[in-house]
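Attaching a single structure in structure tokens format; questions to follow.
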Amino acid sequence: MNGLKQHYAKIIVWAILLTIPYWFTYIGGYLGLANEIVIYALAAMALNFLLGFTGVLSFGHAAFFGLGAYGTALTIKFLVPSTLVGLAVGVLTATVAGMVIGALIIKRRGVYFAMATIAFGQLFFFIANRWNSVTGGDDGVGNWHRMPINLGFTTIPLFHNSLVYYYFTLLLFALAVGAMGLLLDGPFGRSLMAIRENERRARFLGINIELHVWISFVISTAICGLAGGMLALLDNFVNPRDLRFDLSGVLVVMAVMGGMRSFWGPLLGAAIFQWLREVLSSHTPNWQTYIGIVFVLVVLFFRRGILGFKLSTVKS
Amino acid sequence: MAQLLLFDISNGLITGAFYALMALGLSMILNLSGVINFAHGGFLTLGAYFAYVLQQKIGFFGALLIAPMITALLGLLVERVLIRPLYGRDPLYSLLLTFGLAFILVDGVRIIWGPGSPPYQVPEWLTSPLSSTYFFLTGYRVFMVVLVVTAVAALFYVLNYTKLGLRIRAGTKDLETLSTLGVNTRILRNLNFGLGIYLAGLAGALAAGFLGLSPALGTALLMPSFVAIIIGGLGSLLGTLLGGLLIGVAVGLTTVFYPAASEAVIYVMLGLVLVLRPRGLLGEEGRLH
Amino acid sequence: MSVNNGFKLPRRKLLQGGAVLAAAQIASPFVMTARAADTVKFGWDNPLTGVYAEPGKNELIGAQLAIAQINAKGGILGRQAELVVQDSTSGDAGVAVQVARKMIDQDKVNFLIGNVNSALAIGMAQVANEKSVLMMDPGGHSDTITGATCHWNVFRICNTTQTEANAIAPTLIKDYGKKWYYITPDYAFGHALEAGMIKACAALGGTRIGGDLTPLGTSDYSAYLIKAEAAKPDVLIFLTQGTDMINALKQAVQFGLDKKMHLAGAQQELEALEGLPPEARVGNWVMEWYYKQPNVPHVADFNKLIMAKSGKVPTARTWFGYAGIWSCALAANGAKSLDAVKMAKALQGMHLPPEIALCPDGAFFRAGQNQLIANLYVGKALHTGKDGPDDLFDVTDVVKGTAVAGTLAETGCKMTWPA
């Protein structure tokens, strides 16, 4: 990674994210969309921790996103009316599920790993969709909302002020992304990238492949769960579509579109994807066809993602 | 109760045979080309709607014959134009591409034929049950099972006794060696993909009368097919067949005893297989790791 | 590109050009919205894709006709009416809620309209109430919307499931028997309708001897039907809707169950009957509106306008959309204001004029519940059309809404108005 460029990229990204609520409407956006972008970007970056930096394809990450969302929503609705406790339970739920499923499939690779993650993802979808007494089934979990956070000396008005909630998600985004960045810059991250480049060689170097992939999987699912919890809090609502395989595919597309090998790529991918979906679905009932075409075009022409594409043209 | 159980297992086998037909095509494509064809359900839906259109012009049996072929032709084209450039790349790309293609096919069907369910006419002599006691054995469902058995038998014949079949099977084991032996693997993969899509089209044409038309017809059948493949064992078509039947019975039985879990049950089975016998029931050791 | 060997455009230029073009295309609609800022806006947050695309489309056709008529008659408070349409999807409440937020905050809609799917309607109602925007639910039936979780600003055209159950239950008990078995779709609407049917059935001495919840979008009903057959009910009740109704009923008839027991249900729609093969158009049902009402004034004109617009006869859905938009316009003109509270007050007890009510006994919004009370049409499905291919329902009994809607206390609606 070329340090200086990386440094500038970071400054630009943060400048945009911090100021976007104040100018987004002038280009046709709105705060809710910006907030969704930040949340899906976090989920896509979490997925990319596994996909782009460990070289393992999970096509079932929506399950963990949804588990985070459901954990958060159900906790706030039935157990403890606290935003932070809800989020913590959501992340914990996703993490535990990630640990168990990761342990079951960690020896598989490639196609088999992808298929197993798809299938396990669907297991959670059907549990959420049919276990009416707990999850509300197809109707989802409504009639609850995110709670203000009481700091003792003052209260953060998360619920009534969407702008405050945006900065709250941005703070969590920063913490999670910072943690992933630190891990990737350290020895653990170098081991992961060694596995990505050549698994056999990494094994000869004495890296415990299974353990590393498992840890990477668990970190990825935990952060995905956090993003899911944040979306639940944004909508004050969850439903089974939050963990269906469509969303898994969308997260992968965000990562690939922005550039898998780039740390910030999935953020760009998420921004473009959410923007496109918003514009298309408000202009044509056929928007799903166009989304499908975007998938195909990304695969055929942007194999290295938009950031990766740019990098290669600069070099040549 | 015993009768209900018997009925349900037989009924499960019928639906299972149908899953198997869909899963076999998916499995063939996966085995030879390493492509997880997410658009398989979309092709199935297309097959069903082609049959619907043709049926009005050339009748039920004509449609059943021609619709899968048209679907297969489309499959050949898709493979040639969209999927071929992706061979040799990470399976991620073909997965994503077919995922997007599934969106296009399903939404395209909605745009062309509308979101509703046009009525699909099955010949009258096939629509009634064979006997009042075994009321779930309608003429159409028996016909369907016979056709599925014939199709599977024909498939296994082609794979075992024709040159194309031998090459496909050899390619499944070691495509590189086959290529150095002078076999044109591009054409082989193309034909194999077409054959797989033919099975999807056939399943679709049958589903039109069995389940009914709707743009989402194939999407709901895709996931059980994945599970059938993994349970049966990657690389084994016989395993896929077995997996499909097992799933059909499992879903049928759960519907009787614990209906809320009738969809989740196959994923629980999948989990058990992954823990107890990771290579699947009939899968080969060490394949696709 | 490669064909053009002599003249090669630099790739970057090309990309830039493409980006500018794309940006222009994306930007232009917003310019249009800005120009039309002085219109009265209806935010249409209803399904265009998925399992409810068909009813959603028909509701939209009715709504478009209403908008055109309103504008032809001088608009709302002298301003033109405009429909802002976005796909809510058929099942993703997250999308519906997000779209509702955007329409209110960004597009500044005066009315929020939707949703075919009750679960989505409930989610939207929460947003509309939080933001104090008048919401009209044309076709989402769950009772709580104008019942336990009713809001002062949320109005509904279609009936509650309890009303539908009350309308059909007497016929079924009287003519076909007291033991009922249910095939119920597993979501808010299905649960509510089954509860309503059980209640209406029990009041007349009937019982539920069994039933299954089937997931939305089920295509294979064989296992459920085998169970139902084993239970030997007098009446097999289908509460599924749309494609699910078509698949379930068709497979039941293929199994010959129509010869072993009576097949019936509560809510039936013309869209579903049209999707069934002729032999599977069986059973007794209730429709909430029917196009063949020769003795009711204005219905023929409405049919003609819809035929001219879409080439098909109007269904109950078309009327829902039509009456929903018109009700909003009448509220605004009646209140002489676009203030949500004033409009909501104006709608309390308001009777729709006959050219919009389009039913023999008229239609009005019940005060304190915000629920439209109109006629219901009990009858039988027909194998083939009696008067034309679309006439697939034989109305045997036109029920007065006031007779089956229950009392206001029974609905459980306790409305609180903003101070």
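A few points about this structure:
The first chain written gets the first letter, and so on, giving A, B and C; residue counts start at 1 in each chain.
The rule is simple: a residue touches a chain if its C-beta (ideal position, glycine included) is under 8 Å from a C-beta of that chain, and two chains touch if they have at least 3 such contacts.
Keep in mind the model is a prediction, meaning the values are calculated, not measured.
The chain with its C-alpha centre at the largest distance from the centre of chain B is C.
Just to note, of A-B and A-C, the chains joined by more C-beta pairs in contact are A-B.
If you average the Cα atoms of chain A and of chain C, the two centres end up 35 Å apart.
Note on chain placement: the centre of chain A and the centre of chain B lie 32 Å apart, centres being C-alpha means.
Residues of chain A in contact with two or more other chains: 129-130, 132, 288. Counting partner chains per residue, chain C has residues 49, 53, 213, 215 touching two or more of them.
Of all residues in chain B, those touching 2 or more other chains are 107, 260, 263, listed in ascending order.
Residues of chain C that touch chain A in their complex: 11-12, 26-27, 29-30, 48-49, 53, 85-87, 91-94, 97-98, 101-102, 105-106, 118-119, 122-123, 126, 149, 186-188, 191, 213, 215-216. Residue ranges of chain B in contact with chain C, taken from their complex: 3-4, 7-8, 11-12, 14-15, 107, 110, 114-122, 127-129, 132, 135-136, 138, 140, 207, 210-212, 214, 216-217, 220-221, 251-252, 255-256, 259-260, 262-263. Considering their complex, residues 25, 27-28, 30-33, 36, 129-130, 132, 137-140, 142-143, 231, 235-239, 241-242, 278-279, 281-283, 285, 287-288, 313 of chain A touch chain C. Residues 30, 34, 36, 38, 82, 85-86, 89-97, 99-108, 111, 223, 226-227, 229-230, 234, 260-261, 263-264, 267-268, 270-271, 274-275, 278, 288-289 of chain B touch chain A in their complex.
Taken together, the chain A residues at the contact with chain B in this complex read 51, 57, 59, 104-105, 107-112, 114-116, 118-120, 122-123, 126-127, 129-132, 245, 249, 252-253, 256, 286, 288-289, 291-296, 298-300, 303.
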